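Residue numbering begins at 1 within each chain, and the chains themselves are lettered A, B and C in the order written.
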Amino acid sequence: MNTQTITAALNAVREQKPLVLNITNYVVMNNTANGLLAIGASPIMAHSRDELAEMMAFSGALVVNIGTPDRIWIERMLFAVELANFHCKPVVLDPVGCGASSLRTETSRRIAETANCLIIRGNASEIIALAGAGAGAETAANNKGVDALDASEAAVEAARYLVRHYGSSVVISGEADIIVTKDGEIRLYNGHVMMPFVTGMGCTLSALTGAFAAVGDTTGLAAAAVLGVAGEIAAEQSAGPGSLQLNLLDALYRLDAETLMRRLKLTPSN
Amino acid sequence: MNTQTITAALNAVREQKPLVLNITNYVVMNNTANGLLAIGASPIMAHSRDELAEMMAFSGALVVNIGTPDRIWIERMLFAVELANFHCKPVVLDPVGCGASSLRTETSRRIAETANCLIIRGNASEIIALAGAGAGAETAANNKGVDALDASEAAVEAARYLVRHYGSSVVISGEADIIVTKDGEIRLYNGHVMMPFVTGMGCTLSALTGAFAAVGDTTGLAAAAVLGVAGEIAAEQSAGPGSLQLNLLDALYRLDAETLMRRLKLTPSN
Amino acid sequence: MNTQTITAALNAVREQKPLVLNITNYVVMNNTANGLLAIGASPIMAHSRDELAEMMAFSGALVVNIGTPDRIWIERMLFAVELANFHCKPVVLDPVGCGASSLRTETSRRIAETANCLIIRGNASEIIALAGAGAGAETAANNKGVDALDASEAAVEAARYLVRHYGSSVVISGEADIIVTKDGEIRLYNGHVMMPFVTGMGCTLSALTGAFAAVGDTTGLAAAAVLGVAGEIAAEQSAGPGSLQLNLLDALYRLDAETLMRRLKLTPSN
């Protein structure tokens, strides 16, 4: 995938307006719905077993975010993943706080095991914790809470393990975003240091990843590129994280292919 | 109702600061509470059977929004509607995603059947789906998900059916807002094309409809006029949907009678 | 505690980045998480019994906010308070709407009874209702809904009762913020009249109170000082409550010790 494919994916989202079904956490429901609308997609938030089958039938992708988990919601998430499998739709897993509790670690793994077409989007600490001892690496997750304490590079080995073990793509987001697939790694150097001061920025990336997966990009690259560039444009205009949250939505809404290509910093470039 | 009645209603909300009880969806709880505060009303969000009776006793109106439904919340919504009936308080129904799942369609109809003093506020697709075959029209809802795919005019026949069947008022919101009552239709041409890119804009209209119902406007007209004008003022100042969301709250807070009357575009005018 | 101690507390939050565990209401989860991030702390939102023990073990404080209560969440709140006690961590109670329903009044009292190291942060109406007849004062709460109808001064006697009865600190927030401890009262005159037009402003204060408690200020003073000054800076830049909500996050993020000390209006001064 190169920069032209990324801009083509952006155009595809805006033209197809894919429906993205989200079972996500209470904290970020508003942000992620707004992020999806701003980029041109159509968000649906639903969690009742009584309607998930109907909703999944006409949705283009499923985003499962475990940020405020409990038993009832976890069962619904797994049910929704099975429905996505039945309809051959991609699933984005956001393992929020994976490693901070065994509930989150185990839930993330159950969802990852269940999904047939999977993209995992997490910060470095979450990716390392999700891989766990299986990664065979010396790395151990430092996460307490839901904020990353590890640099993205520290999670690459873990991500490679997840790619092999689950047949998934993995997006490690952080100061650098690293997209890990069976074909290797792509690194993105967009974004801004102020972004972690807005809650749910990673959750918004996961939601956008669902929109791009629905139009064919199951690597996670296009979403990371778009959010990285829009975030950096927004941060340049923002006095703090409050402004950033809204300027990001404006930047997503206004982002054009020319700006995206000009700003994009990725390696290997092509 | 004419423009003077609308500005009188706005003054009444600001003077009486009506308490509006909301059982609403997780996505928009923050927006709708802020919308109510900005216009001068006092929002209460509650959903426990253990307190709804007490809360309804001193609230001026009930807003029921089915945006993230499940069985438990639906039972609580119906219970709250019965309490509103007991206290002779108006009920605003926001049938979010009606037609997108049978759960939403059936739930919307159960709530509409139950309420004695009812205002229905939905987009065209939702209104058509709520009326269903009963509308006796050739129209069929196009809704997938929660975003409208039909123009407001396409839902007028369905809205007339709902007015007859439930004895309600109906607000079809969209590019044009159409207020349908037993006395006919009023059309509003305020608002802005950017508004659907902010999640929960319709939900905010439903919440405001509750505030105006609490001070006596059970048609839905005053709320639609106020949100349409405030939304168009806000959009003129906004680079995108992120800015719009906050500028709308500022515009609601600052809206004066003179601006409202000058900007208002409605037919039949009088 | 004087202004130097307050600025020292602000520095401590930014250096230690304390983890604050929140069981809070659906309306304000996003605001309060963003408020904590903006000031330099790390928010965790969790409510499952399956992970609260692990989460509490590494958190610096617990914030319990009863804004959208139901039986299940109330049990989890009490469970979390017991865990905080076990780990000798401070608990902030935000008794949202206390007095508006017996569920809220009783729940607030159960939580206050249970917590060993307690800070209560409420508006005047909530504090008066929480103390109830026990206050032995002539005061009776005027609260309907969740907005304060009493001035802060009217709640001082009730707050003194709570301090004696629960061994807690009490922050009465309002036009004046009054911090009541066993050592007497401190009054803060920062803030802005526009702040009550943003939903969850008090909830954000409670969340920040948790961050400051985690670094050693269990009076609630530092949080009230920081939010009061940041809120007044933000309001001066805001055309309405929509702008205020985001400018507040920017102001919290940018607040420096010099500005804080210069702006702070408190009595007794020292």
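Keep in mind that, in the parts below, a contact is a pair of C-beta atoms (placed from the backbone, for glycine too) under 8 Å apart; a residue touches a chain by one contact, two chains touch by 3 or more.
This structure is a prediction, so every number in the text was calculated from the model and none was measured.
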Are the chains arranged, by touching, as a line, ring, star, complete graph, or other?
complete
Equivalent interface positions on subunit A and subunit C, same or different at half:
different
Just curious, how far off is subunit C from subunit A if you go by their C-alpha centres, in Å?
33
Multi-chain contacts in subunit B: which residues touch at least two other chains?
26, 30, 245-246
Show which residues of subunit B lie in contact with subunit A when the two form their complex.
25-28, 30-31, 67-71, 97, 100-104, 144-147, 196-200, 238-243, 245-246
Residue positions on subunit A within touch of subunit B in the complex are 19, 26, 29-30, 33-34, 37-38, 42-48, 50-51, 54-55, 58-59, 245-254
